[in-house]
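Just passing along the structure, written as structure tokens.
Chain nomenclature is as follows: A, B, C and D, assigned in order of appearance, with residue numbering initiated at 1 for each chain independently.
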Amino acid sequence: MSGNTFGKLFTVTSFGESHGPALGAIVDGCPPGLPITEADLQLDLDRRKPGQSRYTTQRREDDQVRILSGVFEGKTTGTAIGLMIENTDQRSKDYANIKDTYRPAHADYTYDQKYGFRDYRGGGRSSARETAMRVAAGAIAKKYLATVEGIEVVGYLSQLGPIEMAPVDLSIVNDNAFFCPDPTKLPELEAYMQALIKEGNSVGAKVTVVARGVKPGLGEPIFDRLDAELAHALMSINAVKGVEIGDGFASVAQKGTEHRDEMTPEGFLSNHAGGILGGISTGQDIIAHLALKPTSSLRLPGRSIDRNGNAISVETKGRHDPCVGIRATPIAEAMMAIVLMDHYLRHRGQNHGVIPPLPPIGNR
Amino acid sequence: MSGNTFGKLFTVTSFGESHGPALGAIVDGCPPGLPITEADLQLDLDRRKPGQSRYTTQRREDDQVRILSGVFEGKTTGTAIGLMIENTDQRSKDYANIKDTYRPAHADYTYDQKYGFRDYRGGGRSSARETAMRVAAGAIAKKYLATVEGIEVVGYLSQLGPIEMAPVDLSIVNDNAFFCPDPTKLPELEAYMQALIKEGNSVGAKVTVVARGVKPGLGEPIFDRLDAELAHALMSINAVKGVEIGDGFASVAQKGTEHRDEMTPEGFLSNHAGGILGGISTGQDIIAHLALKPTSSLRLPGRSIDRNGNAISVETKGRHDPCVGIRATPIAEAMMAIVLMDHYLRHRGQNHGVIPPLPPIGNR
Amino acid sequence: MSGNTFGKLFTVTSFGESHGPALGAIVDGCPPGLPITEADLQLDLDRRKPGQSRYTTQRREDDQVRILSGVFEGKTTGTAIGLMIENTDQRSKDYANIKDTYRPAHADYTYDQKYGFRDYRGGGRSSARETAMRVAAGAIAKKYLATVEGIEVVGYLSQLGPIEMAPVDLSIVNDNAFFCPDPTKLPELEAYMQALIKEGNSVGAKVTVVARGVKPGLGEPIFDRLDAELAHALMSINAVKGVEIGDGFASVAQKGTEHRDEMTPEGFLSNHAGGILGGISTGQDIIAHLALKPTSSLRLPGRSIDRNGNAISVETKGRHDPCVGIRATPIAEAMMAIVLMDHYLRHRGQNHGVIPPLPPIGNR
Amino acid sequence: MSGNTFGKLFTVTSFGESHGPALGAIVDGCPPGLPITEADLQLDLDRRKPGQSRYTTQRREDDQVRILSGVFEGKTTGTAIGLMIENTDQRSKDYANIKDTYRPAHADYTYDQKYGFRDYRGGGRSSARETAMRVAAGAIAKKYLATVEGIEVVGYLSQLGPIEMAPVDLSIVNDNAFFCPDPTKLPELEAYMQALIKEGNSVGAKVTVVARGVKPGLGEPIFDRLDAELAHALMSINAVKGVEIGDGFASVAQKGTEHRDEMTPEGFLSNHAGGILGGISTGQDIIAHLALKPTSSLRLPGRSIDRNGNAISVETKGRHDPCVGIRATPIAEAMMAIVLMDHYLRHRGQNHGVIPPLPPIGNR
């Protein structure tokens, strides 16, 4: 696997810089016969698009995805699916001043260290726009999982800065610009964001993604455990600094009697494990949390250096996100779906035929 | 990559159950000419061995590793290195009663769901003993990184249950059974553990692993980012429920002005990022934290079911860890070293020859 | 690796059907700083294009390739390079009659068996047009090898039906429509082809590809030996039924004293091995031969069945190649280049740093 | 995939030099529940062992294989299977004189070029003994294919030097030391070999391997086509210089009307394709041929150089094969089985569930 390919049987390979001619991806391994259209993909892409609210970036991204292969008469053929989004909003003049400067906490410095030079326009390959292709690819996986396996993948904002959401109602998550599941917190979130914009600062967020209806038995010991691959997929999203499965870091202070999920003939009594034990799914909801760092582009100036090592001050003008976490939700859903689909195919390939599987116990 | 192979140029493939004849691994891709001996590997294995203190398990594991290939006249040949540890301590009678029972929070249930049946003795493939091979493989990587690249990888216990360690002194980490860097906490840790053993319970832990001297530029956008691969490697360790890079989940509540690591001509002014930006190393210390759940084997009984779905009560007798976190430290070091070595080789393969790299700035 | 990705460090992933909207590929792992333009790629694509002579297909393929990412200010950035060719010549009416028929010796039957249904238009994914993307990707590899490593990759027609070419002059290979290196055979080839077209039949061909200037030491025992990967790459070209390295099948009847390439301080005395020993390059010319079967689309009717199993007769009208071998030459060059580039990067990644390599002996 | 791992779902990773402590392999991805014993593997290993006749090498290899993991109560568990063969016959004194010499047509020179130094004893990693592990791994695949899918894999000698075998009777292949299917040729083969031994020379061979009962639809366009992966697997065997599928190089001179395999409702009318079309299996017998070069170790002296570039004369004493082809047969069977098993698992993983497959037509 190169740095641009993810997965083993269901794979996603992507390309594209934020200010190059286009973004694209090749999605391979989707079984034949799945109904899929550009509209299916566009739905999830539009959820991700900036401009959904006055808090997210005002950069307009049209993000119209084209399916270039692998679909015939409305169904997948089983061959590779090529996807492409032409870049239409490339206001390079916003970025000319940063050609030789390193914006603090951006990948500018590290990209130059790695490659010797870089496409400086808008973050190039390190830009968050690259994630549009992941969302498009993830939409294919979500459709397969829903259609063929009856699985639902839902993400939501569980914390913004200091404000914690109680996941009261997943059904309202797509009805507000925050992907917030707790209607009582909306006014507080709006007020907090206003203050942030006025200050010129940003804040971090925590996003939670849940998969329901996953059968037990997915995951490949030892290194391709389901939790390890989820961690890989989610940590690969821009701005992610931490991943938890189930109780995550809360497990550190828990006693064994608190943490363990006891079993009865009716099902599990709790889900501290987050649906994964020994790296393999239990049949319960798979629950993962991501920590997203605050946006690196601020109006407030910061100290940095230029390409020649001179001290400079950097402030970013133009249009940016005060909180990237708001947009990470559909991307986290997409990555969860991509990993699950890969594991469904692998499991079917490797565990079938010689002995019949056991019936699973109930799931609470 | 199958479930048992990790890495791309420097790869580790392993096999072995806790009660089968042997554990083994094939380590491939180590460049030729590196001096390596069985003693080098045994050193790290002995750090991992239970019996180092009265708090860890009393199961005796001899863990004598043999090098079966890939080393000639004391140096690596560049071909595959076969490693093996014969299993000498296999007191199967400790496990006969669990043949058809599922211990809560163990992988028993999930393994049966995945495979239809399982080697029930002592956790089989899901046992923590499998990690002995990772430590052996990691010792090769650590030696290479130290010898050829001047890199040091150090792990330590940063939290046990509610007790937080200030990382006062990394130099004492290997002088106590806890891998604790804070000498003032040792009495408190001992007292806490005594109480736990008396109660028959267990508790979780947090382990931190640091890599020093890593050059900037490692990591492959988009999916093989260094942080994503570290997350994969660390989450694949038994009992891990969360992984953070740098400030991790603390980033959620941070403002942008707090989180960003500003740069001056003398170097970075802070390291909230944990040494990785945009998925690529910055040249600063790489800092990762792992959350380890409390041991699943308890004297205190828990509710579970047997293979036929009947309700049962399970308590584990015999010899077990009250806190697996104490032993995860050398395993986390090993995985960090394995990932870094793979990336050093990949970086050298892919970024050389056409243009010279930039000199890095200082590191604080 | 999925079915659509080739290589380990330098990878090519492709998509596209002959009658879908577009063909594309993602080329990843090219080091940064290599000068590359669309014109570089178009040069090799034009060599492949039908219509170069009155003997090859009269289907017009515009094959204008676009570079969509990974190149900035005329040089590779080190990130993934997206390539695309829009399909402009899609005369579907040529194919409507074969919707439910299986053309003998085409992949129609096997694709239906694999997927359950297929894009029947013009061979869909099995079409030879897919190879356009390989030629485009190979052009990047050829440029890197030539520019950075001083390697030349040349292919030519060594046999057409019963007519054998003596490789008199590689310098004229690109001056005729046959990629023929033997000017004395051109009239005979033309006459033979005329007769074939008149008959409505086709014939096979043998193509040879040579790489000059390859350094010794490339190839990874045991499974990624250079010859094994070349065999994989070349056999993956449509219509290839055999691959030889060096003397190939002539080795069967050779004595040991005949076959072995003796060495002197001035260099090797022969090259029966074709430049590869023990799976590793020797520094001599790497020589590979491909056997190409006769074109499967004939005006002469053949017996077949339709989708429902009924006996039918099939004859292909429209515009087709009487000898596909004529066009395989640039594709074979491309695949040779792709494999060599991948191995250069891997070799550099894995064999550097601890001990210096030996100086190679001369090459005759 | 490293150089030592083959396959995608069913993988084989190996290690071991001919004069190191042991050879070993890790076979991963075999579904659970398959009955397998050390005796199953030993059967195929014994077929491969030298000493079977007075024509093959007199080196005694005990080759007793141990199964170290992945099998419980006589059946595979689905986890990784570790295999090991201890090296018992290591008469290093046979090799002391070649420490600094390069034997012509051996991998000595290329290994030194690649790694800078090498384990000179008996060919080290390049030795044919490494293939013992492939045979052991292949035995697992053969058992699965036979037991679960009803597939038979048979190899035989089809040509030795100038002597061609008509494949009269596959049932006698294992009754003679040549794997010869043509009883009328046995006296001629014996006489030819006697003359060869007396002369101190060697000769090449052609081996054919056939798989019967393979279902249609295996193979992954574009790069993991079944024929391409077979070519890779077979070319990776020591001494192989060419691979053909079906009519192979005979296709070069064939007309389209001769080569195509017409179809009727009762089945295919011929099998020039060798069971693979468009890279996908047709359901017919899969037929592959390998060209093996003459043994490189001869009593007849040859010119070579030593490590310092001085001209020397080399003759090999000790015990060697006058024709390695005689032993390649079980290895070719093993590699064919390994590739087919990998593809069975991948096909099942990727082409199931959404639409039902078509029933295959008959096979002649």
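Here is the rule we use: a contact is a pair of C-beta atoms (placed from the backbone, for glycine too) under 8 Å apart; a residue touches a chain by one contact, two chains touch by 3 or more.
What you see is a predicted model; the values in this text were computed from it and never measured.
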### Labels of chains that are neighbours to subunit A and to subunit D
B, C
#### Entry: Angle (degrees, nearest 5) of the CA superposition of subunit A onto subunit B
180
### Task
Please indicate which chain is farthest from subunit A, where distance is taken between mean Cα coordinates of the chains.
D
### Task
Starting from the mean Cα coordinates of subunit C and subunit D, work out the distance between those two points in Å.
26
### Task
With chain centres taken as the means of their Cα atoms, state the distance from subunit B to subunit C in Å.
45
### Query
In whole angstrom, how far does the Cα centroid of subunit B sit from the Cα centroid of subunit D?
38
## Note on the structure
Multi-chain contacts in subunit D, i.e. residues touching at least two other chains, fall at 1-5, 8-9, 14, 29, 32-33, 78-79, 114-117, 125, 221, 347, 351, 355
### Summary
In the complex, the residues of subunit B that touch subunit A are 1-6, 8, 12, 14, 102, 104-107, 109-117, 125-126, 130, 159, 161-162, 201-206, 215-225, 227-236, 238, 240-249, 251-265, 269, 272-274, 277-283, 291-296, 298, 300, 302-305, 307, 309-311, 347, 351, 355-358, 360-361
#### Entry: Footprint of subunit A on subunit D - complex, ascending
8-9, 29, 31-34, 76, 78-79, 148, 221, 345-355
### Query
Contact residues on subunit A for subunit C in the complex?
1-5, 7-9, 11, 13-17, 20-24, 26, 28-29, 32-33, 66-70, 72, 75, 77-82, 84, 114-119, 124-125
